[in-house]
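Okay, so subunit A shows up in both of these, paired with subunit B first and subunit C after.
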Partner chain A sequence: MLLRAKQQIRDGVIQGLIYLAVLLVSLVFFWMLFDLAHGGAAHLSWQFLTESPIDAGRAGGIASILVSTALILLVALTASVPLAWATAVLLAEFVPAESAFGKIVRFSLYVLAGVPSIVFGLFGNAFFSIYLELGFSILSGGLTLACMLLPILTSTAEAGLRAVPDTYRSSAAALGLSRTVALTHLILPAAAPTLAAGLLIGIGRALAETAALLFTSGYVDRMPGSLLDSGRALALHIFDLSMNVPGGDNPAYASALVLVSLLLCINILAMKLAYGLQRKKIMT
Partner chain B sequence: MQTDRVLTGILRAGALLAVLVMLLIFCFLLFESWSALTGLSIAGFLTDVSWHPLEGTYNLMPMLSGTLLASIGAIMLGAPLGLASALFIVFFAPLHLALLYRRLIELLAGIPSVVFGFWGLTTLVPLISEWQPPGASLLAAVLVLTLMILPMITITACAALTAVPEELFRNASALGMSRWGTIAGVVLPAARVGITAGIILAAARALGETMAVLMVAGNVVQHPESLFDPVRTLAANIALEVAYAMGDHRSVLFVSGLLLMLLVMVLSAMAGLLEERQQV
Partner chain C sequence: MNDDPNAFTLGPLQAGPPCCEPQPVIQVRNLSLRYNRQAALDNVSLDIYKGCITALIGPSGCGKTSFLSAINRMTDLIPGCSIDGRILVDNQDIHHPQCDVQALRRRIGMVFQKPAPFPLSIRRNIALPLNEHGTTQKTEVTAITETVLRDVGLWDEVCDRLDVSALSLSGGQQQRLCIARALALNPEILLMDEPCSALDPIASGVVEDLICSLQGRYTIVIVTHNLAQARRIANYAAFFWVKDQAGQLVEFGRCRHIFESPRDELTAAYVNGARG
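Coming up: the complex of A and B.
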């Protein structure tokens, strides 16, 4: 009986500690979110979103920054999505999981996924900006991000394709459809929600990125005229305002709030798509 | 069929290109590092007076120690908190609370590093500075990194805990084990490999993290003597100096990038091996 009482006390203490840890984590996170919302809401307005930055961002808004961010994202997705999805289709549908080719591709993507973003930045600076002579431009920033997105887009798409039941493939084969037709008419439509979720996760990753863009897409906060102009991404704008611009804290708060809300929407949408798919699978 | 063969060809070309990107990155880092790796003595990276790139002394050790200390500190704080969070979600919390807390953690996993850095700079650094100036310090870096890796540790630990087979629980309760007895004696040993793999991946993330650390760590090149000393990490050093570095200096920065990449690759290979072993 004494042992039982001792156990109960120990269990209670440990439960208390775990609750304390959770409380601490939640408090810190709410503190942070509150700070961002509080500091940002004061400065955020419609004008802030539609005006270009004045006086290194102390005044004015972030319109040109948003345009640059969108352009960088567009370049990154145009370059990486076809490549990533082609690789995913090949890995999931056309190559046996144990083949040497599949293993090599999967291994290099695994390595790529672990590379720190600053190293992508170094590579982008050396290869795109200097070797290919693209300079500090939206194009070199976007292409650097494209390299970063490859592994995440490929792995989410491959997982989505593998989740399509094999009965689809055998039924298509029994009907005498070619694999190309089966892929375009059956498997890709069935996997579309996960592909979209993966795409959204990739977009979120790209929007959050700063280090890889520091010396590829550059710092210029003007409205970009072409893809070869330098353009400052939103995340970089927050960094620059808080580190290099005295008195830039208020616009930095507002920019951070814009970025975080944007990412929040994207992540929630991605989760909805992924969970929706799971539910459908359970019900059928 | 004709179209199938064409399609496979196109897909193979795409996949090959994806592999080439990895090779290209590695080759370019090596290529840019080459003049430093062959022209300067490697021992100089360990024994030079300090990091004075303009005078040609390139000691990387203070930055390496800064990087390692910040990451180790973050793991020491983040691992217990993350594990406690995962245990809370899987075993202790009522269902709706567990779901809510899980959403909060997933939300935090999506917050960009620059926002963590910004919050650290505007909130944590002034707080620490009131207590022990200058504020921008190893401690601030550790705290911000802890917040950043905590969601990752929690999510991977959750996955490992939920993967523990149901029958182990039934056996434990048949033996009359208490809740913590079951967790400590049965569940944690069964989930150990997955939890460790998650922590190793988090360590890799902490080592390579640039922006958040750059913003709060103070960036003084030195071996820190206390938690309140400013430090500079390898990644932060690259971000600070690439813009104006020339010649050997630039090449040494690429060497430190290569070093960082190798460190992270070793860690993620370890995590990969662990996960593979668990699946068998």
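Coming up: the complex of A and C.
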């Protein structure tokens, strides 16, 4: 009986500790959300979203910042998505999983995924801004972000393609269909939910990026006139307001609230796509 | 009807009258197949006769499926698989550099063990391969779809829901759809890799009846672990066994002879259930 009681107490303690850990983790998230809402909600308004910043961001809104962010994101995705998905198709469909080539490509992607973003920033500054003479511009920033997104986009897409049952490939081959037909009509549609989820995760990463953009897209806060203009991303705006602008705390909070809401929406969407659609299967 | 020793000639279209000589359509000569270093088949020679059902029997791992996949060069897709020997289909070497693999696979349909419909609608499952092989006229595709679905006895079950996902069908229906999909390309030869083993007994019976009904119209090679089924449906049987760690053909002949008066002791032991 004593042994039994001991076991029960031990189980109870372990369970309690696990619940505590879960509670702490969620507490951090909700506390942050509450803090942001508390500090920023009062400052947040329609005007804040539609006006350009005045007086280094102490007054006015974040319209130009949002536009710059969107443009940087657009450049980054336009450059990285085709490259990443093509690489994924090559790795998953055309190269044997154990081949030296596949291993080398995968290894370089792992390394790339582990590189700190400030290093990407320095690289982008040296290569895009100075060597290619793109200067501090939305184009340099977007291309630097594209380099950062390559590993995440490639690995999610490759995993998605590999998850497509091999029976589709063999059935298609047995019917005399070419690999291109199998790929475009069967395998890519079946992998679409994972591709989309990977894309959304990538967008989330790009939205949150600060360090890589500091040296590449710059921090001019006016409305960008072209892709070769400098533009300040939302995350960078928050950094600048809180570090360099005395009295910028409230707009910083409000901007952070906007950023976190965007990220939250994107993450929820990604989860929905990854779990919901995959079970349903894509129909044509 | 399979008790008739000449049953293999009963098919109406290709096989001719019962008196005629069996006509080899696939000739396999000294076929050896290995996966990397591991030999899977050793020196197999075998004729497959036109319009007949040939059953490949034997224990697991004796190379039946490898043999089947070599016939339509599905073995090309397996990394490390290498082939020696010759396979002639209508006297054409299928490993000849000028042989068009996609055309070959169109002529030689294949049905797998696990039903593998595409995650598309029932209609698209049949239309996709047709379209890709050049049949794009909508009316023609519709007509072929109805014909093959009737051939496999699926038309009445699905004619009012051709646009629902093929994955919503039952296992037996999915397998019949896969057979219909293969038939739509109008193949001469059908390779079947244990088409009934993943199905419940009733669905299995339906598919078995379907295979019997295809006899004579198509040349069928079927791998089966179910000896009773082989005995019921096949005209010819080939018995494979593992010797020296590689699959070998032990005996080939009329199904009836293989089951009732086998020449080889091993065959006798296997078909009587004493070994394997």
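Just so it is clear, the second predicted complex is superposed on the first by the 247 of 284 C-alpha atoms of A that agree within 3 Å, B and C clash if a C-alpha of one lies under 4 Å from a C-alpha of the other, contacts with A are read in each partner's own complex, and residues count from 1 in each chain.
In this text, contacts are C-beta pairs under 8 Å (C-beta built on N, C-alpha and C of every residue); 3 or more make two chains touch, one makes a residue touch a chain.
Treat the numbers as computed from the prediction; the structure is a model and nothing was measured.
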Q. Clash or fit: subunit B and subunit C on subunit A?
A. fit
Q | Touch count on subunit A, higher of subunit B and subunit C | A | B
Q) What is the C-alpha-centre angle with subunit A at the apex and subunit B, subunit C at the ends, nearest 10 degrees? A) 110
Q.
Contact-wise, after the overlay, does A:186 reach subunit B, subunit C, both or neither (first, second, both, neither)?
A. second
Q) Taking the superposition as given, does A:42 touch the first partner, subunit B, the second, subunit C, both, or neither? A) neither
Q | Which of subunit B and subunit C A:89 touches, first, second, both or neither | A | first
Q: Return first, second, both or neither, reflecting whether A:265 touches subunit B, subunit C, both chains, or no partner chain.
A: neither
Q. Does subunit B (first) or subunit C (second) touch A:9, or do both, or does neither?
A. neither
Q. Where does A:119 make contact in the superposed view: on subunit B (first), on subunit C (second), on both, or on neither?
A. first
Q.
Taking the superposition on A as described, I'd like to know which of subunit B and subunit C A:127 touches: first, second, both or neither.
A. first
Q: Go through the superposed model and pick first if A:24 touches only subunit B, second if only subunit C, both, or neither.
A: first
Q: Report for A:170: first if it touches subunit B alone, second if subunit C alone, otherwise both or neither.
A: second
Q | Smallest separation in angstrom, by C-alpha atoms, between subunit B and subunit C in the superposition | A | 9
Q: Would you please give the residues of subunit A that touch subunit B in one complex and also touch subunit C in the other complex?
A: 178, 181
Q: State the interface residues of subunit C toward subunit A in the complex, per the touch definition above.
A: 72, 74, 77, 79, 101-106, 109-110, 112, 114, 116-121, 124, 128-129, 132-133, 165, 167, 178, 181-182, 185
Q. Across the complex, what residues on subunit B touch subunit A?
A. 1, 3-4, 7-8, 10-15, 17-19, 21-25, 28-29, 31-32, 80-81, 84-85, 87-88, 92-93, 101, 104, 106-108, 110-115, 117-119, 121-123, 147, 150, 178-181, 204, 207-211, 214-215, 235, 238-239, 242-243, 253-254, 257, 260-261, 264-265, 267-268, 272
Q. For subunit A, which residues count as touching subunit C in their complex?
A. 96, 165, 167-178, 181, 185-186, 189-190, 281-284
Q: Under the touch definition given earlier, write down the residues of subunit A that touch subunit B in their complex.
A: 7-8, 10-11, 14-15, 17-19, 21-22, 24-26, 28-29, 31-32, 35-36, 39, 82-84, 86-87, 89-91, 94, 101, 104-105, 108-123, 125-127, 131, 147, 150, 154, 178-181, 183, 204, 207-211, 214-215, 235-236, 238-239, 242-243, 249, 252-253, 256, 259-260, 263-264, 267, 271
